[in-house]
């Protein structure tokens, strides 16, 4: 008879009152009952942090820390059987680097929101600290079952040689000046980094394209804009892409596409077939063939790759959403913690992403000139 | 400072190896970290039950019971602070009545899969046992945010007087003779009840229509079929509906609509507006007006009723699915356990549903004659 | 070198000021430059008829007749090379029988709107008059390329044995009392016939289902309603269907489905595959398979049957609409006039359709009892 | 009583055996029975031209000319009442300039396919020849009713100040080396001009964006590719756009997007609202608002502008397609011939389009550098 498996224990940085992504991380991490929140540093203010832990998360007072530094110290003193095993960093971008660096130094595995750091240099530094520790960068859209299917189709050569790869991520929530917690840090260079829209969502588009196609951007030409007056960072932009191997593409991203929600989509065309996916209907993947009707592959449905089937919790016809996709990353992370392969976005993706963001900003600042992305 | 809230403790009946809906219940119940599984009777066979509890759910041996009777006995002996507070019945239909009756007699709140029992008589009996205990019947589709919006629109009179209300639930998974655990009990009259397709999914369609419109079926005329040879129960059917107040409609349901997944949809038209919803795109609700363009309301989006907004976990544009809708029923159940209103399908829905199923079967057996549904 | 082909010459009954379908017929008949309008009796009032012919259609005065009787007389006196060859009857329903009967007696081929007559008896009478003359009944939806594909798939056995066949035609334009030319005759029993909604659009649904599946309705049970007060004829209804051979289905039709346009759709499921088509996206046909992803076949696209390809005027990706589908019936009619096969709805469809309408009305009037449709 | 209106008489250049767009022009021009083909020069080879005229178009031999020069000469000799009034140029691109120049010199109005010429210089020359003659450049997508609605919404200020305007036109038919009449001239610089994909369809995208938004491209940066080996012209590309007034955008076009049909779409976002349209569902226009549900406006439907209503031939719910949109341009052209306003793409659009094409090619050839489009 199989031994009883204990749940993985994790701590949370961020997720205090008014936060959004912290609660998502927790639901995703716990969805399959494989992990449980045991401690946290939930807010920048130590008092608020401690109160959030007890009020929002019903944690005992001694596991509600004032700062992440205190958390790493405190947890390290606990016996291994109670100590947290990994930390989730779900705080604004400027917290990612110090928190992740401290976690790695203290020997904790890390799950971190994207973008991984404020700069490529910081990401390189993290990489140097990683050692054998696991690092999950939550490019959560890669967790959708139909994205697994898309990646599998490309990997199996079903699309042939890729010619065109494009992504678009249009939001409208910052079309006007917005005064809330989510908006304020995302439009503040000190907390968000050098890019606004492209740090927040353009980087998702880049990662998703890379993830599905396996292609690497060699050169890019970016034209960023800031449409809402008084804003410091880009809120819209378009980037031409030249991939190693000859494929071409474009990434569009906007936070001012009035009325759009999270309209993320990708289109990839090879010399044998094409595929199209949109987060609006995440459970459908359109596959286009040159000489027969196009088909729609569905989460959990017939004819899928094993990878895609494994990413569905429910039989076909039970819509799975954002949270389930997010939880799929955690499922893979847990598999890696148990010694399995690391099949999820990690620090390599973080390095590539920070390079992308920095070069997008540099290109645009130089008048939308072409820039090269050095080989990683 | 607010007091720490403990999680609700629940037991699970069903959910052993090869089961589907048991795992769904657990994920849904625990999604918001408001409840935790503490015990169960997971399979009809006592040994398998106990092993499932330890292997699948990592429960201590003493909380893994051989039968639900043993569970109610055992849990009743525990101190209140450890004892389960409600039981989830996620076993085949024939188990619903004895398990629910035993739970109510033992003083436990109940969450039960639909159809509530094998017969209307059993449902009446349960009702007599309920007393002050809470009873959630998991007509889970009512949990979708856009169904809340639909119900709110009707309740606010935006559609005017309803004239036409129709629902369709088409599946294809039983288009051929299927030999697996899910199929075998659903096609067996002893375990599924008098109706196959209409017990399993037709009853969802009825409940969803009633839930959204508030209308009650007064008369119906049902024509059921069994298309796959060797099958004892209906696998397809159409039912004409006459509602109290004059509205008319139709319910179609099939398990042999080859290639369909869980294609549940409703359409409701009043004298002022109409609405259409489909589970294929559960985050969209189409609202049709006579004199202006039709609109699409979206989960978490602008212009929604408070009820619909409250049913969304995430901001607009983050697709929510089957599991989140299911969890919404649990969230309402927990609110009721804490003394709030009981705003979810319960035993009244169960009585109405069993009456519907029995009359559908009776009508069809009589050659698709009209039958009246007595006032409840 | 091929001989020059002259255009077919036709007369038009109906199509005067304020009419809708007359202009459609003309555009459809002339779309491929295979026919030309040469005469007409355009309105019930002789003066208005003659003025319409000259003003709306720029015809010479001597070919603008006061009545259809005058037209048949007048045209018969012309030399064969100038005389009209067929007549299009695009007037309200009560005109169909006398005009068609007169045309057939005078030796003219007939194109007639549906329903073919006011009663089955009239249709039988027409059939007796037909002789070798051609008769096109414009069930225009059968002309869509993707309907040809659907019919071809069924005929080729790709769906296997049909189990479920359903159609829905929902309109909202009569949701309120409407005072215009189109509405007034359609709601008047003397001009529309015994059925309102089911004569006007329910009959299209029946024809389309029969056309695609080849199935014949054996028994039906109809529940019709009149929701708008003061109206004499049905404006909504649902009909259960039992087809010869065992398939079951349902037809829903409404003119009071508030906010709907011409939402005609069919769904057909066999034991091997299913298909779904909707006039909202007429250039797409969904084909569902039990064991592979569903596919979307497109007008003019890859993988189509020859029949479907022949029905597309343009390469894939150029949307074809209502008018093109209508013109496809004319193209087939012209082929028959030249001696080809009669592959279009004709008097047999008219007989079947009138039988359907009469039995729907009879069934509903008897309290929605089952009625048999005698073998034709 | 109104005078009888004669039909406009036109000649056709192109449209011989194997041609595609010639037949489209004819159907579109004649759809409303406002015009008729009276003569033509149908092919480059004089014998084939004359035979096509007699066999395909049933024209008398004396109106089937060997060359367009002979046609202009011959028609000029006819009495005004029989002479053609305008010419349709539906031949490969290299024929546009000489044919249009000759027509204008001979005093005939012109309808011409896009791109208007092989070079901007030729377009300038045409402009000098135009005088009072009418010139319709068939950017046919501008004829869709929902494009009229989009343009009306922008013009009425409903979108506010435009920030982002993007268009995409993806085809897959040239994903492989294709050997047919349509493909051969489109990939031949001598007959197609300096651009392949961007001359053929990128120019449509530019025109549609300009038409709807009224914005003018000030600077662009183009990255064109030729993916199919042996091909001389671009078959794919992406272009960054900077509009006068500050809006930004991107145009993507491809002939090698494997499996795509004519997937033309535009998205425009202002500071008050956004709109999205796709030729796949040309009868729907999505309008997105920041603070209420998005709406879908429909051809012929409720709530439309007068311009959009005027562009629909049929009531809402009767799908209109490519041909009807094309015919709408002709309807406007005929109105201008009768003295009305010239509300259609003309030589100004041709000049702007040729400038766009030349600058796209220049930008790409220079390594995708930014280029300015001089004020017209």
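All chains are identified by letter, namely A, B, C and D, in their written order; residue positions are counted from 1 within each chain.
Going forward, contacts are C-beta pairs under 8 Å (C-beta built on N, C-alpha and C of every residue); 3 or more make two chains touch, one makes a residue touch a chain.
Note that the structure is a prediction, hence the values are computed from the model and not measured.
Farthest from chain A in terms of Cα centroid separation is C.
Between C-D and B-D, more contacting C-beta pairs join the chains of C-D. For the touching copies chain A and chain C, the fraction of interface residue numbers used by both exceeds half; the interface is of the same-residue type.
Rounded to whole angstrom units, the spacing between the C-alpha centres of chain B and chain C is 43. A separation of 55 Å divides the Cα centre of chain B from that of chain D. With centres defined as mean CA coordinates, chain D is found 34 Å away from chain C. Residues of chain C in contact with at least two other chains: 260, 287, 289-290, 294, 298, 301. Interface of chain A with chain D (complex): residues 159-160, 163-164, 166, 170, 172, 175-176, 221, 223, 225, 227, 236-238, 240, 242, 246, 248-250, 252, 254, 256-260, 267, 269-274, 287-290, 294, 367-368, 370.
By the touch criterion stated above, chain C contacts chain A in their complex at residues 287, 289-298, 301-303.
Listed in rising order, the residues of chain C touching chain D in the complex are 1-2, 4-7, 20, 24, 26-27, 30-33, 37, 51, 54-55, 57-58, 171, 173, 260-263, 279-282, 298, 301, 313-324.
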